[in-house]
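Chains here go by letter, A, B, C, D and E, matching the order in which they are written, and residues are numbered from 1 within each.
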Amino acid sequence: MNMLTEAQVENAIQPDSENYTVKMRGSNVCVFYGEKQALFDVNLDVRQNQVTALIGPSGCGKSTFLRCLNRMNDTIDICRVRGDITLDGEDIYDPAIDVVELRARVGMVFQKPNPFPKSIYENIAYGPRIHGLSNSKSELDGIVETSLQKAGLFNEVKDRLHEPGTGLSGGQQQRLCIARAIAVSPEVILMDEPCSALDPIATAKVEELIDELRENYTIVIVTHSMQQAARVSQRTAMFHLGNLVEEGPTDKMFTNPEDKRTQDYITGRFG
Amino acid sequence: MTDTTPTEAGSTSLHTNDAAKARLKARYAAERRFKWMGAGAVALSGLFLVILLSTIVTQALPAFRMNYVTLPLDLSAEQVDMENLSATNFSGIVNDAIMGQFPSVEGRQEQRALRGLVSTGAPTLLRKALESGEVEAGDTRQVALPLDDFSDLYLKGLVAKDGGREALAAAPQIVATDGAAEITFSDRSVVELAREAGAIEEDGVLRLTSGASSLLLQADGRIVKLLEVQAADGGATATGNVLLSDAPQVSDEAAIRIVETPESQRKFTDREIVWVDSLTAQGLTESRWNEIFLFSGASREPEMAGIWGAVVGSALTMLVTLALAFPIGVAAAIYLEEFAPKNRLTAIIEVNINNLAAVPSIVFGLLGLAVFINWFSFPRSAPLAGGFVLALMTLPTIIIASRAALRAVPPSIREAALGIGASKVQTVFHHVLPLAMPGILTGTIIGMAQALGETAPLLMIGMVAFIVDVPGGFTSPATVLPVQIFMWADFPEPAFQQKTSAAILILLGFLVLMNAIAVVLRKRFERRW
Amino acid sequence: RDQIRIVGSSTVFPFTTAVAERLGQSGQFQTPVVESTGTGGGMKLFCGGVGESHPDFTNASRPIKDGELEECKANGVTPIEIKVGFDGIVLSNSKGGEQVDLTKEQIFAALAKNVVVDGEVVANPHTNWSDIDEGLPNTKIEVLGPPPTSGTRDAFVELVMEEACPEAIEEADGCTEIREDGAFVEAGENDNLIVQKLEANADAYGIFGFSFLDQNADKLQGASIGGVEPTFDNIASGDYGVSRSLFIYAKKEHVGAIPGMEEFIKEYTSEAAWGPEGYLADKGLIPLPEADRTSQRDNAVALKGMGS
Amino acid sequence: MITYVVIALILLFFAAFYIGRSRAMTVGGGRAANLHSLPSQHGLFLALMAAGPALLLLFAWSIATPSIEASVVETRFADHLATLNLPEQQAFIRDSRATAFGGIAGFPNETKDAAAEVFKSVHATSQWVAAVLALALAAAGFFLAHRLISPRFRARHKVERVVRVFLILASIVAILTTVGIVLSLIFESLRFFQQVPIYKFLFGTHWSPQSAFTGAGQEAGAVNEDIFGAIPLFVGTLLITLIAMIVAAPVGLMSAIYLSDYASKRVRSIAKPVLEILAGIPTVVYGFFAALTVAPFFRRMGDGIGLDVASESALAAGIVMGIMIIPFVSSLSDDVINAVPQSLRDGSAGLGATKSETIRKVVLPAALPGIVSAMLLAVSRAIGETMIVVMAAGLAANLTANPLEAVTTVTVQIVTLLVGDQEFDSAKTLAAFALGLMLFCVTLVLNIIALRVVKKYREQYD
Amino acid sequence: MNMLTEAQVENAIQPDSENYTVKMRGSNVCVFYGEKQALFDVNLDVRQNQVTALIGPSGCGKSTFLRCLNRMNDTIDICRVRGDITLDGEDIYDPAIDVVELRARVGMVFQKPNPFPKSIYENIAYGPRIHGLSNSKSELDGIVETSLQKAGLFNEVKDRLHEPGTGLSGGQQQRLCIARAIAVSPEVILMDEPCSALDPIATAKVEELIDELRENYTIVIVTHSMQQAARVSQRTAMFHLGNLVEEGPTDKMFTNPEDKRTQDYITGRFG
């Protein structure tokens, strides 16, 4: 807990500092895919109960950074991570740390919807089951229902909970994946373009949801939509070619960016 | 949960509280168990393999060497007519040569036994050697000839347990009359030896019956088998049979050679042991790499029996099998999985193919007999018919494995190809098939492995047969490795047991070679997406 | 086809192959192809007809049956019967076990499905050898033998079981049934396997051809039957009661059409092959008495067909 | 001669391919995009049309020609042949052919020499005719196809039709095999059922064909209907297969999982083919292993704890058989497990599942159909195995579920009945066919059930 | 050509008619997935050299309709299509039609990026190869390069053309798929949310590309972004629950929709 306070102190000098806690912190994060370096010395704080948006052109390393936060990169053989990333002050790359617990605490929604080839119900129930979050069938039913409701999918699928999740439309699938992530009650939710496959209404619903979730959870979201970043996030980080170009309060970023590249990107003059 | 004061975050988390920690511990335990079970399963399978292989290898090793005896053969012009070799009495030449080594051996039975030391295949080999010019006629030549199976086994130590040699302090006196010998020893060590050998004591006389180890006294250029031993003052006396009266003098020292396995418990008499030992003592025998086994066809004589005919037969049969089963199996799988409409008919076909896999292989033999032999008039006992039958048997395996592999290719790949205007055939052959190749090759490996080891269906089409000539083509009579193994395993001669194991090793080598190609291919196709 | 084809009994197979190999070594003919199909299967193929697609010889561990002969005739096949020797059937066990002397009646009592106890036909109650006779070892009856589909089993039943069969049972089920309660183990056709199983289990006995006892004399001992030991000489002289004749049948129609047939017959019936000191004796074939050899040879060389 | 024609046709194949391709380019005005089909497809079409039929003709010709030639010779020498019996007639043809074209003539004589001359001349003519016909066919095919080449010509369709026809033919082989098997079993089975009522066969609990033995000693007698009850055989088969699967399924599946998800690439690339060797070891070896190592081991163990274990037991045979079929399960399952997309594994890992949870709950269900296929194949192999059972479990048809007793299986009985020494039309031999047919039906039903189950649980990913 | 003129005549009575050609026309298109009907009597014209946008909430049948236009639905076993769809007046569901040719003329970019597990180069080169669009290696190289350039991907991947396409980031993969579709020079390009995985710059590039392509090609695009529809399309069709709610010129649709549902959807008041 000491570390947290230190972090607070450290961040207190920043102009926009209020009373916040750093939930996750990346220091000098470098990532390599084999020979190729994909991230260069990224330093970024994720504040608790805030939404942090990662923006930047395609291929700049947003997903890569996001995947570092719950060590999903471990699954890629050739991927190596250097630098420190902490969750509540603990180094998550510490060998003593438990990846499974970490991932339960730091949930993830992927860019491509990847429902399990199981029923909709089973898709959601899977997480709570493995983490032992429910003691009874009815409790589990409850979790499934609230998760689906939070993801704005419940009404569409309530009659077909036991049909395969893969039979849903693209957008429905993605919302299913969000519901699945919510179902395990993580502390931090990482979302890799969660709305890229959604229509405006579903998107609005998810954005609303994100805003709701913020009260209890910490959220990091990768998005291509400036509007979305502006709508949902409190802080925004701009990546470019593997570098963190700029980071700051969202409103400031969008109105008064410091970096030329950010400005160009936001105004669409980039390239 | 809901009213988090920021600083407390984490400590009360659902995922870090004590219950969760305990759960996590259990889950990790499960994880470790699971992993160890996996590793254990692999290790267990590996262990089985090692056990099986090590048994085979230890049994097989002796078969890869072979003992030869070098004899001076009279190949002068009177004996050998190079123009007309078939008129030459090669057996006579060989027999004269071996008998020439032991001129003292008399009596029809004994001479027959002596001749039996050399393989009955030796005359044929000699003739072939003359034909090929390996041995030139014209004079007396030293030629190495294979020993008979029992002599060979004896030299490999597989017939009789050797008890070693006990040197005697002083040479005994031997008085021999008509093959019987009276011996006087100057010390009593021989009495001890007789006792250890299991002699039956009666009135102070130690009788070495047929149940006792053999004691062979070597002294004075003679070899005497001791029958009775008796202590006498200052020494001992004994009676015995003279087995060889003109033994080559190896050392001046007198000694007793002990053969621990009693004579009644082996198929190799003391006399034969003495002869072979004598040949060895003269440096006439040598152990060589067993080329006969590796490079010649079948034979009823263990020492002349080779595996090459079966190897070629298996190779030809497998070629036919592969050439039929692989393309047809893959094509059928492609059709059923990618092209055929999914209706009741194809469902029936699918079940049917699964069912074919459970049809006992001998039934395929019946089918092959009816269709290929009787109807299409394929020649009996030929790799062609065998290959066809085994191909039919292997087809279901390949089809099932291929279908599973094709099914595992994600539909998005097909859509991608179709979406840019590839035809279905192009989609399948350019994209789906390469991705399914690893699974298809696995099916092929397993199917071919099964086909390679199969005997039952071949019985029906005449491939379970004794065929000496190495097959020259797809229609000449042939047998295959498992049949050869099966037949050798069923012959009474003990020497065939090692041959059996060695043949199994060869079969496994064949299998490994066959698989290696497929495995290399499979590795090249493997990718995860 | 310029190669002789031979089918038939697995029992005769080791001998015929030896002869075939010799014929091939002579260099004038290709080595005949010898298949091991079993006597019945061989007869079926042999009697199937004349012409290249049918075999020239068949091996048989029993004489041809009337039905088979008729079938042959119907298909225009005239078999030439050659009795080539004897095969002793032995009951033996590991050298580690006790050597026994049995009568056929005792064997019957040990192995028959039904036996007569106190005048009544009952299912075989004997579990130990000593149940049959005090003098026999007090070990469980466990006999490994060939399955009912085998010619050896057939001969064993005929030569031992039927001979020792009490009348009461003959009326009941015809004497041919061997018990199925586990005391008799049907062990398949691989006699080497039986040999090895006996080695591992000193209490068990096995039934198989003499050649396996002969070649494994270091490990096995044969049980005397009716006081006679199963030795080469005893079987050859006919003293040992459990032996059967082995045959080959030649197809008369093929002589003169398939090269080498006559030479093959000559080779088989030569003293060097089937004589007491011939190479077939080395392989375990027990020779016929000299007179029989002469008459069989004369018949064979003269190509005297059956029923003509 | 024919060889040259074949070589010529093969050359023509390649030539036609190039000609067709460039022709297509020409008619397409130098741009392949103007064509319906690719130039290479036009080329392939032309090549197939030109060389295909001609090669087929030659193939058929080479199969038919020996008998045609022989029949010509036969008519020429009809008078002479009439004096000979069938084998001699065949020898006549064989020897004259050998004289004509080389080979060993067993019994040469002058008539045969004369016939050899006829053979030579007929052969020469036949070759000429074949060559001319083939070349004519090739030319016709070539020009016909060549004229067809035009921008709108659907060469791809034609070539793909050939491919499809080949694919369909290949599937038909599988069907024909089934038909053939049923046909080769059904007639003998019917004859058997005339002697033994089908219900006694199906529901009888006593299998003891020894009494129906009509071997050396006896003549064929009345068949005892009560000794052909197939139930013990099917129970035995079930028992041994079950034991085998109890060994092979977990070991194989766990091996597959380990190899695909835990083992390093190197370990996997070595271990997998090594395990596959298990499938290739001849069954005789397993038989010896089961009979001489495993069975006595169980026997001793049984003695140790006071259990009565038969020296031939279902247990020994089943376990060893299980070892043999491990690779069927492991290798095939490994492939399908490996084919489950990484995104599913990621999805599960992202929720905080451990690797084993991911495998058990996500990967295995997704791979289920393939795994079931593998298992079915393994079961099939177990059902079809004979040697191990004969050597280690004996041939006694006990009706028992006790794995420590001797049992026998359907396949074993089929084999022993078929290859043993009895008359071919005896009830016993016929019983083998009936057993085969029964087994076919039973496994068919089992397969249908298995397929239903798979369909129900089948989960399509991606 | 007769039919086309007829079509022109027929369409001429519409209020916004100018001189245009109907490239594709769907009449009374009904689609069933097994028992479930996913489209109900949809009548829609796709005008040549224009961009038609399909909008509507998730699961309303946009993708389904799109897939009818090049018969991609044929690959789904349970899918049945009723009604007529024509391309240049020819019924594309006519048995005489060559599906392959149809798909070469009507290309498609999917919602989820699905590169072949081959190199980037091979991914692009595959189409031109099977359609014989190049006579030489250099020509093929040219096609690959221009396609990648048009899709705005060339600079990012030019050094790794022979590395696997599956190793790209999500957005890169999607652009790869667009490049792959362009490479075969289709007449109509169907795009199922082609930009959902793209960042604004890449999106802008693709939109620019769409605008460029419009000169020579006809484009149908499914999108969730109203802005995008407004920016790139000339005509917009609004789907809802399997029905075509409204169809018309884009500017009219967005400023003055006729249907209440359209209005609600556009203004985000839907659901």
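The rule is short, and it goes like this: contacts are C-beta pairs under 8 Å (C-beta built on N, C-alpha and C of every residue); 3 or more make two chains touch, one makes a residue touch a chain.
It should be emphasised that the depicted structure is a prediction, and the values quoted were computed from it without experimental measurement.
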Key: Touch-network distance, subunit A to subunit D, counted in steps   = 1
Key: If a chain touches subunit B and subunit C alike, it appears here   = D
Task = Could you name all chains that are in contact with subunit C and with subunit E at the same time?
result = B, D
Request  = For the pairs A-B and D-E, output the one whose chains share more C-beta pairs in contact.
outcome  = A-B
Request  = Please indicate the chain closest to the centre of the assembly, with centres calculated from CA atoms only.
outcome  = D
Inquiry  = Measuring centre to centre with CA averages, how many angstrom lie between subunit B and subunit E?
reply    = 67
Task = Compute the distance, rounded to whole Å, between the mean C-alpha positions of subunit A and subunit C.
result = 83
Query = How many angstrom between the C-alpha centroids of subunit D and subunit B?
reply = 27
Key: CA centroid of subunit C to CA centroid of subunit D, Å   = 35
Ask   = In subunit E, what residues contact two or more other chains?
value = 100-101, 112, 130-131
Ask   = Where does subunit C touch two or more other chains at once, residue-wise?
value = 30, 37, 190, 193
Task = Give the residues of subunit B that touch two or more other chains, as numbers and ranges in rising order.
result = 15, 27-28, 411-412, 423, 459, 489, 529
Remark   = Pairs of chains in contact here are A-B, A-D, A-E, B-C, B-D, B-E, C-D, D-E
Ask   = Considering the complex alone, what residue numbers of subunit D touch subunit B?
value = 156, 160, 163-164, 166-171, 173-175, 177-178, 180-181, 184-185, 250-255, 257-259, 262-263, 269, 271-286, 288-289, 293, 323, 326-328, 330-332, 334-336, 338-342, 352, 354-357, 359-360, 367, 369-370, 373-374, 376-377, 379-381, 383-384, 386-387, 410-411, 414-415, 418-419, 436, 439-440, 443-444, 447-448, 450-451, 460-462
Inquiry  = So in the complex, the part of subunit D that touches subunit C is made up of which residues?
reply    = 85-88, 90-91, 94, 98, 103-104, 106-107, 208-211, 213, 215-220, 287-288, 291-292, 296, 310-312, 390-391, 394-398, 405-406, 416-417, 419-424, 428-429
Task = Could you please specify the touching residues of subunit E with respect to subunit A in the complex?
result = 55-59, 63, 111-113, 156, 167-172, 175, 193, 196-205, 224-226, 265, 268, 270-271
Ask   = Which of the residues in subunit B end up touching subunit C in this complex?
value = 86, 112, 116, 120-121, 123-124, 127, 261, 264-267, 299-301, 377, 380-381, 459, 462, 464-469, 477, 487, 489-494, 497
Request  = Report the residues of subunit C in contact with subunit D in the complex, numbered from low to high.
outcome  = 1-2, 9, 30, 37-41, 43-44, 50-52, 61-63, 65-68, 76, 142, 147-151, 154-155, 157-158, 162, 173-174, 176-178, 180, 182, 185-188, 190, 193, 196-197, 200-201, 204, 253-254, 256-260
